[in-house]
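Heads up: the structure comes next, in structure tokens.
Which chain is which? They are A, B, C and D, in the order written, and residues in each are numbered from 1.
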Amino acid sequence: MAEEKKFVGFICTGCGIGERLDAGQLETTAKRDGKMQDVKQHEMLCNAEGVKMIQDEIGGGATHIMIAACSRRAKVEAFNFTEVAMTRANLREGVIWVRPDTDENRETTQEMADDYIRMACAEARFMTKPTPSGEQELNKHILVVGGGVTGMTAALEASAAGYPVTIVEKSGALGGNAANWYKSIPSRAPYAEPQDTGIEGMIELVNNNDRITVHLNSTLASTDGAPGRFKATIAEESGATTEAEFGAIVQATGYKPYDPSELTQYHYKDSPDVVTNWEFEALAKAGGPIKRPSDGKEVKAVAFVQNVGQTSKDSGKLPYHSGAGDLIAIKQAMYCKALNGADCDATILFNNLRTPGAAGEDFYRSAQEKMITFSKGDVSEVVPGGELEVKFKDLILNEDTAMKADLVVLDVGMMPNSGPDPYAQLAFEEAEEGSEEKETLRQALEVAPPSILNLKYRQGTDLPHLRHGFNDSHFICFPYETRRTGIYAAGPVRRPMDMRQAQDDAAGAAMKAIQAAENAGKGMAAHPRAGDLSYPSFRKEGCTQCKRCTVECPFGAINEDEQGYPVYNEARCRRCGTCMGACPVRVISFENYSIDTVGQQLKNVDMPDEFSEKPRILVLACENDAYPALDQAGMSGIEINPWARVIPVRCLGSVSLSWITDSLNSGYDGIVLMGCQKGDDYQCHFVRGSAMAHERMSKVGDTLQSLNLEPERVEVYEVAITDVERAPKLINDMAETVEKIGMSPFKF
Amino acid sequence: MTEVVATNQTILVVGGGISGMTAALEAAETGKQVVLVEKRPFVGGRVTQLYKYFPKLCFPTCGLEINQRRAKMNPNLTILTMAEVTNLEGEAGNYTATVKISPRYVNENCTGCGDCEKAVEAEFDNEFNYGLAGLSKRKGAYLPHKMAHPMRYVIDPAIIGTADADKAKEACKVGAVDLDMQEEEIKFNAGAVIWATGWQPYDANKIQPYGYDRFANVITNVEFERMADPQGPTAGKIVRPSDGKEAKNVAFIQCAGSRDQNHLLHCSRICCMATLKQTHFVQEAYGDEGKSTIYYIDIRAIDRFEEFYMKVKENPNVTFTKSKVASIVENRENQSPILHGVDTEGYNRYANEHDLVVLAVGMEPSVDKGSFPVDIVVNEEGFIEPAPENGGVFAAGCSSDALDVNRAAQQATGAALRAVQVVNRVAGMEG
Amino acid sequence: MSDLNTAMAAKYRANFLKEVEAVVEEGETVKMCMQCGVCAGSCPLGKHWAHPPQEIFMMIRAGKRDEVLKSDSMWMCTSCYNCIVRCPRGVQITHVMHGLAYYAKRLGVVPEGQPTQQVSQLFWDNLMKGGRVNELKLGLSIYFKDGFGDGIKNAMANQKLGMNMMKAGRMSPMEFLSGHTIKDNAGFQKIIKKAQEIEDAKFDGAAK
Amino acid sequence: MAKKEYSFYPGCSSQKGATSSNYLTSTQSMCDVLDITLNEIPDWNCCGASIGYGGGGELPRLTLSARNIALSEQHNAGQEIVATCAACWLATREAKERFEHNKTLFDGAQQALAEGGLSLKNQTAVRHMVEVLIEDIGYEGIKSGVKKPLEGLKIAGYVGCQTNRPFGIVGESYENPLYLDKMIESVGADSVPTYEKKVQCCGGALAMSEPEKSQEMIKGIIEAAYDHGADMIATPCPLCQANVEIYQNDINAKYGTKFDMPVVYYSQLISIAYGKSAKESALDGQVVPAKKLEELANK
């Protein structure tokens, strides 16, 4: 038996609420309809005195509190009562600020407020205070996959913060690509000369660091568990395996250079004197002067052909750019001057010279000082021979021309060393047997790279791809917003980048890994619901093993047991509720967010009869974008129709179809759903929540048809946080629609 | 008196823009005590004044909402607004910061109801809109913007001592207006410092050939961003400041102040992408009638952004001209700017008339070399170098280099770890 | 002078940029050009240049030695310094143009009858006589630079201008006879002679 | 006002009977009131101007200025060199700075000067008369001597190139300098601060070799002054003054314009405003008479 519950409501009469609304009636509503055991009013609930009043009630045994005041987005710090279950009724931004202050509107405004009180009370009644599950303990050990610059940096940075690290490196040595370089782009002012890569020093630091364990010639045979309790099987080439547990993972598996063999105009395959920029490093590292591969002649003229096979939509080429290619060419042109003498001509044939920032521009100028030649030119062909001829169009002089060179260096791009895309695996699984689609997917999977993480996740073995195989975050503000909680990509596997950026990135990813491990230990959610202690659970007896939840979970949090029942991994979960929205039998819920907490809100709205001319419009609004937009509309005094009742939801993906059918059945006249932008540039922090809501709602048509209701009674919109005017308009439009087509006949 | 509880295990974050917020939140969400000091009355920095981000064309306020929610809910984070670090003494693991807090004249009782604003009469140019400030006024009691955090009004010091101030005080029913508030100076400890003071748009007045100071229809890219914002001074309309007429033929001048030894030596990195983004604003406003011309030296889209660039290049309404514009003169008949220069690809002289010119001004680091409170290594361009000599002070975001929002947040997350390393060392030593 | 031209061309072969750096006034700044074109767009006589400065800099890099030196473009420079103050890279464009022009003259490759080259030389010769410019003689020498017939024509055409100037006291027929000179002309001549020798040695040295 | 002394470099065109002799006359008249003593550099020589490069080359040209600086340092020790002519100022200051940064050139010049028994310290500031007025006298100082404010006159300040670039006046922009406008206002006249041709090139020395190209630019300069309703143009540069003034007939003939725009020096404006006569202010040296100024002088 759970501890005794005590429900207390608080009504603020400040900010004009008291003047615009009948607080006494609100109190009555909260008590009578909302079943609050006690209700208190205060003229400024958010001030020290008001907060103390609430605290005193909590001290006096209140376990569930309902605060009727401003928006849940306002005065968050004041109303921060983590020891109880709390709901907020938005009387200010949600009611009085969106309704005109006139006598004829007084009644409907009061009705609106009464409803919000009923809703918040109902929500509170069906809510419990979230407590950590205790699923995992604190495990501070960080697993770093990849022992190149990024991996080693992540390891060193994490260990410097006191966290033990294990590096798993596939090859026989640490250092990655950069170990083969002669020098690197400068990372410190004055950004004038190539600098030592520092790789050897880093390897030494890693090897001498007591907190860092290195597994060479090793891969991950399997990774299971969740943040705070990842269990990895590290397999050595020799066949030996090691099992270890980790709190979080950084994937720093780097890149491989693009192979220009298919681009025949460069004759890369035909001439040993046409090399890639990565191969050129080895020529320089061999010790100066640089000699050409074909005949060992010291080079006197080198042409650097930029942007080879990059920024092109042609098949077989890279649609992106490696970013660092021009800086690399500058660095390498400087090798020529330094190792083969100032007389060695180095010409960089570029299009847009990409030397950004302070460091980039300084390095460019330094190259000019060294008499490195820069020509804006479009190379059409490299003609092999004893002396190579580079044919190009000089874009400044606007003429076709050519230059001679002993050696031609091709600037080829970086391709990520990522694992296979888990969603390709899922799509294959979902595709209809024998279909053409299935065959295409099968072929794609066959040439996919081998798995790196070998995650034992229902949703696939590796980090999802964003674009072109990169394991990047989709969010500009949140570069580490991973889709596999506790696993962070860093370095060129995330986005093409140079060494300095990779090192910064490694530190950032290490930070997130540490944070994930720490919070997993406390049972707290990761970004964007950081600190949330609630987690989903399901009633096994009702579950039909339909697998919707396990398939649709955007974060790979839910596995399946042998019988096909979901197995939750709370620390992987981001608390979006997509599983809840997916479940056709309504068995999934959170302590503070469930089928009931929302379902009871919409049921507790007072439903006037068909002839009252007071329709009801249900608005389910994404709490991150649509709801703040409506708040701002309130601040701007933009009117919202008095029939609307707005319920914030964590994500449209969490919206259960049952809410919609229940609403229609109970007489709502219109329903408006507001979620984030979907599609390629999706804005949904729960990835496909908005898209899924659109898909699911397309099925509402059947329900409407069976009820003989007009399809326009349910609308799903993409709403941005900036839609301060549009969001209210969409609601008001629905009111007009209802007026046009008439009231719902399903009112009781 | 503002009270700050801090120890040598506290991380001080200076600057509450996207980088400072990110660093502060990442550290706080890892369980560290953080004090964030922000000069303006609200956090969020310059991204609050952006309309959209490249390359997704999503809204900065979306991420701001998340970050502000994180900040509101996190008990480890203390935010001081209208505050500046005036001194910093000590060394890694043991700093004492002196912070000056300017009077806001509004205390924490403020509910953001706006009664004071309604009561006050004095109006001021709205600095939130940069040089377009004059197009939209704000009151002497104001909320800097609709999503401002803290959601607390500010009383302009200029109305203190006037009848307006008393009106504001009278109007406030919750006793939040405190006209006797004084500037205060507080001191507290910190183990590590994250310097995230960001950047400022390069002063376009200094780019004399472009006549920003002389021609109404020459504006900056940050101003154009405000103009495109429906919450901005023109309610989202792309118009000419001179006459309010539609600006359908817009010129963008790249490297306005950047890559120039007479101005900023560095490439500001973001301006190419910002312009590519802003061509969308023109397109959105006027469809095929909206024409953009980009005058550039090199387009620096870089890595995945190249796709964005390629897409803009395919737009027949966007023209790219490889040329640093030599000068702008004004057509005296219609106030249209006429751009003079040479297209360097093949040498074609032009004298192009546009409705509006947007100067893609660069990023000037807001690191004051001269008055930096502790010894710090700053490069020629004014950015803080990643130098071990900096002790427990770590640059985040645009204090360290010209960065876009994504890279700034990335870099700031790493900076947070470096600060965590210091305070964890302190914790290890003390416990 | 064509010996010098042959010698220089032979020595620097394809690397005209190095040659410019070695012998042209402020030529060492040319390599810093990043082809932004602001100089070309800033030139008041820009439209009259076959190759504007930015293009000349690219031609120098591309080794188009003859095309550059034999061009009359750099003779279009009015010395207004617009390009210099706007150049983002500190290229000393005005001086480089003067330097290239002078170098072309030295090498004897200036297009025949290039008027600015002629005036320039006349000016220099004029001032070299007595340390100061004799405006009247300079003016006349310019009128007559293309021969006696043209000279008379020019003088007639500008008669009114000349009369006006005389009326205003800003042109004196006395100049034709005596004119302003410096007192220590001998010392002056020695000084400039020496400077010329040093200058010549620079080119001779570079050609070796 | 405290007495000020400078080492004065008038330049070839300011000599008696030369094209800007009126500049010299009015400068002296102006300095007289301002209590400025100009000590001419004894036996100064031509600076090479902006056209001499084609004949002389780098070192010989710079040596011309080296000799002038050396003479100034020898005879007017401790006094800053002041030039009224833009080209003189530019060439001399440029030489000074080139010598500062390039030891080879400095040594070369020194070697050459030794032949004439001179030696260069190169420690003397080289200034334009305009700088003296703005920085040492100040706008208020200029104003304080005004006896006959030039009321009702609208004067387009034409700064030109070389007074403005590459050195310019501290605190002023290359594109839109305002000092000449401020000087015009200091003597009571109306300025045209938005005069868009104020730094447009007049063709400089190319007026002689490329007259068509030069006159096309001059035409624009005069036209814009008319567009702004200016009564006259004022300039600090002798070559600008001459080019813009004396070719007006030719331009009228070629383009069918009816230009009759007086072009005067700032020194003439100040001199008149200080109560000096038309003759003292060298208004008789105008090719296009500045009638309104003459009327004012004769009042």
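We take it that a residue touches a chain if its C-beta (ideal position, glycine included) is under 8 Å from a C-beta of that chain, and two chains touch if they have at least 3 such contacts.
Not measured: the values here are computed from a predicted model.
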**OP:** State which chain is most central when centres are taken as means of Cα atoms.
**Re:** B
**OP:** Could you see whether B-D or A-C has the larger number of C-beta contact pairs?
**Re:** A-C
**OP:** Could you give the separation in Å between the centres of chain B and chain D, each centre being the mean of its C-alpha atoms?
**Re:** 45
Original post:
When the C-alpha atoms of chain A and chain C are each averaged to a single point, how far apart are the two points in Å?
Top reply: 64
Original post:
Can you give the whole-Å distance between the Cα centres of chain A and chain B?
Top reply: 24
Original post:
If you average the CA atoms of chain A and of chain D, how far apart do the two points sit, in angstrom?
Top reply: 66
Original post:
So which bits of chain D are touching at least two other chains?
Top reply: 174
Subject >> Touching two or more other chains - residues of chain C >> reply: 34-35, 54-55, 85-86, 89
**OP:** Could you tell me which residues belong to chain A and also touch two or more other chains?
**Re:** 353, 376, 396-397
Original post:
Can you name the residues of chain C that touch chain B in the complex?
Top reply: 34-38, 40-42, 46-47, 51-52, 54-55, 85-86, 88-90
Subject >> Complex interface listing, chain C residues touching chain D >> reply: 25, 44-45, 48, 75-76, 78-82, 84-86, 94, 98-99, 101-102, 105-106, 115-125, 127-128, 131-133, 135, 139, 142, 160-161, 164-165, 167-172, 174-175, 180, 182-184, 187-188, 190-196, 198-199, 202
Original post:
Hey, which residues of chain B end up touching chain D in the complex?
Top reply: 208-209, 211, 213-214, 327, 329-330, 332
Subject >> Parts of chain D lying in touch with chain B, wherever the complex brings them together >> reply: 173-176, 194, 196, 227
**OP:** Would you tell me which residues of chain C are touching chain A in their complex?
**Re:** 15, 17-18, 21, 31-32, 34-35, 54-55, 58-59, 61-62, 89
